[in-house]
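Input: structures, listed below.
Two complexes are shown next, each including chain A; its partner changes from chain B in the first to chain C in the second.
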Partner chain A sequence: MTTNEVYRIALAGNPNTGKSTLFNALTGLKQHTGNWAGKTVSLAEGSVHYKKNTYRLIDLPGTYSLYSNSTDEEVARNYIVFEKPHVTLVVLDATSLERNLNLALQVMEMTSNVIVCVNLIDEAKKRGIEIDELKLMRQLGVPVLKISARNKTGFPALLDTIDRMIRGEISTSPYAIQYNDETEGKISQLVPNVKKLVGDRFPSRWIALRLLDGDTSLLDEIQKRMHQEEESTWNTVQKTSGSHLENF
Partner chain B sequence: MEYSPENERQSFRELLNQANELSTSSLRDEVVSSLYQTSQQICSRTVRFTKSKEDKKTERLDAIFTSPIWGFPIMLIMLGLIFYLTIAGANVPSSMLANFFTWLEDYISMAFFALNSPDWLHGVLVLGLYRGTTWVISVMLPPMAIFFPTFALLESYGYLPRVAFNMDRLFKKVGAHGKQSLTMAMGFGCNAAAVLSTRIIESPRERMLAILTNNFVPCNGRWGTLIVLASLFMAAGFTGGMKTLVSSGVIVGIVIFGIFVTFAVSWVLSKTMLKGVPTHYTLELPPYRRPKFFDTIVRSSLNKSYAVLMRAIKIAAPAGILTWVFANIYIGDTSIFMYGVNFLDPFAQSLGLDGYIMLAFLLGLPANEVVLPILLMGYLSTGSMLEVDNLADLKNIFLDQGWTWLTALNMMLFSLLHYPCGTTLINIYKETKSYKWTFVAFLIPTVIAIGVTFAVAQLVRGMGWV
Partner chain C sequence: MNLYEGNKGDRIRIKEVAIEGVMRRRLLDLGFVPGAVVDVLKKSPLGDPIAFRVSHTTIALRKEESIKITGELIQDDNE
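Up next is the complex of A and B:
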């Protein structure tokens, strides 16, 4: 990878995890953070410079899941799957990690360029919650970093991890949820047909699972996106370089 | 297989059919429970609790803030407190700004005359553009600089989700979604933004209810009008702190009336055009967090106040010019502005308003911020050359035009209830993608505004109260 490039980093997370606080702290872009579900309705963007590279941070709407129940969830999901950010940061609330992990696991079904940020680590410490991040990293198969966005701690390590992931120095093997035999059987029936249509452009196992869940609008979206790609060769070049990253 | 659009469509259809055949209704449950089990397993291996898990402070505070007895009174007190702070704090800086701009205007005018610029240019630029914009700044900037940071502090402290919790039952009762109260809270800032924020509501039916009723929460563009009118007319018999208290009381009353209308309209709609039962949802009550005072205040006053003010000025400037031009181009011996005023007057009088007010509301469609400035420019352009040096002079302008407390009250009511501003309507169209619903969003408030002001005017006049 050459230097002086612009990389897109998406921020995903539940509402009230300090995602927007992290976004503000990193970018310095002035944007108000809310303390309720779904405050960020449009995609706020801001830039960070690190080691000659520019990271464009995209603050996705805070959601509890990515099953596209609401417009917010659909916006976040579409961005991760179709816009293919170079890295997706999943921000988790250390004080309620169990519920927050649901979202991280869902993101990891969609892309392998995931970094997990366990935020509010100061708050967790106060409440006597200890998180073994090395163990968590081994379990999840992606980098896990403890940060406190409020106090701006853990940022150097985070930026360094982003940098190394973009340069392809970190290989991830995201934890794939095993469903019961019946569901897994159905998934493996669908996956070859999904692959035939979309190739490696989009995560086929995830698409198969969404289709089984009855998400039919997804196919329309995929068709639309594929035509957009064909219309613009420049786009195609970019997307291909994106999928190289996925297979490093 | 050779590529062709037809082939591709065909294979997409086949994939869809295959998926539909395999799909079962229990699959979602299986997916979600596997997800939860995995999360639980991973957490049990990586997270250790050294203290008791319960957060005692949050629980104790929640017992007070969301108590069935204290929840609502505390909410009202908080609301009243915010308005009290806003009105009490904004008075002095507002008149200081107004004085400053009037002082500056004399020098600008002198410069214009010294340069021998034609009268019409001075009229358009100074009397139209400059006055219109500086008016918006002096009336709106101080209240916004207090209101937004105070509201933002409550928000980052974690109080707003508790408000949503308290309101939830009421919303359920009228067939709406509890999250609607969050979008309403957003509406206090800006209805146009609040319409976008309704995306957090999953069900399309309930989302539509939230969109159609959001306008009944007065946005920041209307605070200026409400605060000025309430303090000039509604607390006339009081002085000092008492005056501020009564003014804030009136505004709290107006806000509660708006919320009442929201419930009424939601209830009627969910029984007629938007039938259905409210869906369930989980409302997370985040822990109370000590807000970062400096950050929050700086960010919300600089950012939000600045953005809203810029928008107001962008629209106020052209509106100021337009109003001046309308008021100074004569057809026969009547200006275009006066034609409009005279045309609207009979109808407006029946609502307890006058033709100027009605025309100001019509010209103020792009942004509610400019209604009061346009009204003032209209009044001032009619000959009586009054200088507005401070807010007390303002009352004389209104009194000269035959205003009573009924005029002020009905203008406040009309401002609270009337059609959404242009930006909000555009956003409603973008979100609903439907001309029909955008029109409904325009029609419902307009009909209610006319109905309510008409009823109030007839009642007050019939009883001989004015």
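Up next is the complex of A and C:
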């Protein structure tokens, strides 16, 4: 068992799902929550201590999607794919699951360390909406928890689930969308080549899908990141060979 | 018919979104997907933009987009 470690937990969700309210309730920070689009532009960070571990929470911008290439969406997408948080919490609005699940499915294509929080559960109850979280959990293949960030209900179970996911006690099998035969055929053609280029650094099926989407901004970003990586390796090589020369 | 031709009160089931690239993605994310049913809520005085109800939210579209989304009028059996 690990102790005294710092783990990064990213919060993703549509605008107005109470993502920042959850962030504030957990971290005790007074990050201002607003009610208009693009409120959370930069990434707010705060910490929670639980069972000797520290969770660094990162509040990603609220978005409906991760693919429309607005700055907000790029920031959220890049964080999940490139910074690889230990856990990504996807916060859903219980009163409009249909719209909210779009983002959840997108995140689940990028990483398997996903926990779905169905928030505003008190509001849903008022409107006569019942959420069957066990059924959702079975269908999505990731933990689903009902919470009310405003009333701070459901937090112990949420923190416990995060803890167990970090310790590797929960194995998820995120629901993978099956596309039509043509798309699936192209994906299986692309995946081996993508793997050759990026290895296990990034999810290859997801990158193949973005290639088919013609997402050039993602390609630029990958190229930039891999270039930086190469440069830093090269610098280390130079340093070591330099010291070798001195020895010689 | 396309969404731009819809009249206030019409319910239209989307068949095709003939838009490419980022705007297509945005429309799909907002719920304008083939098979979805949208209601025509309001038209502005000059008919552009038009407000639609799609997956429990009101979204206004410009003519450029609404004219490229096609579908069929559906009869409401409840009325």
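The rule is short, and it goes like this: the second predicted complex is superposed on the first by the 224 of 248 C-alpha atoms of A that agree within 3 Å, B and C clash if a C-alpha of one lies under 4 Å from a C-alpha of the other, contacts with A are read in each partner's own complex, and residues count from 1 in each chain.
To be clear about the criterion, contacts are C-beta pairs under 8 Å (C-beta built on N, C-alpha and C of every residue); 3 or more make two chains touch, one makes a residue touch a chain.
All of these numbers come straight from a predicted model, not from anything done at the bench.
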{"item": "Touched partner set for A:179, first chain B, second chain C, both or neither", "value": "first"}
{"item": "Which of chain B and chain C A:99 touches, first, second, both or neither", "value": "both"}
{"item": "Touched partner set for A:130, first chain B, second chain C, both or neither", "value": "first"}
{"item": "Chain A residues touched by each partner, larger count belonging to chain B or chain C", "value": "B"}
{"item": "Touching partner for A:193 - first (chain B), second (chain C), both, neither", "value": "first"}
{"item": "Partner chain in contact with A:69 - chain B first, chain C second, else both or neither", "value": "both"}
{"item": "Partner chain(s) touched by A:214 [first = chain B, second = chain C, both, neither]", "value": "both"}
{"item": "Overlapping contact positions on chain A, where the chain C interface meets the chain B interface", "value": "64, 69, 98-99, 102, 213-214"}
{"item": "Chain A to chain C touching residues, read off their complex", "value": "64-65, 67-69, 96, 98-99, 102, 213-214"}
{"item": "Contact footprint of chain A on chain C as seen in their complex", "value": "21-22, 25-26, 29-31, 55-57"}
{"item": "Chain A residues within the chain B interface of the complex", "value": "15-16, 24, 30-39, 41-42, 61, 64, 69-72, 75, 95, 97-99, 101-102, 105-106, 123, 127-133, 135-136, 139-140, 150, 175, 177-180, 182-183, 186, 189-190, 193-194, 196-197, 208-209, 211-214, 216, 219, 223"}
{"item": "Of chain B, residues touching chain A in the complex", "value": "8-9, 11-12, 14-16, 18-20, 22-23, 27-28, 30-31, 34-36, 38-40, 42-43, 45-53, 55, 152, 155-158, 160-161, 164, 179, 182, 193, 196-197, 199-202, 282-284, 286-287, 289, 292, 299-300, 302-304"}
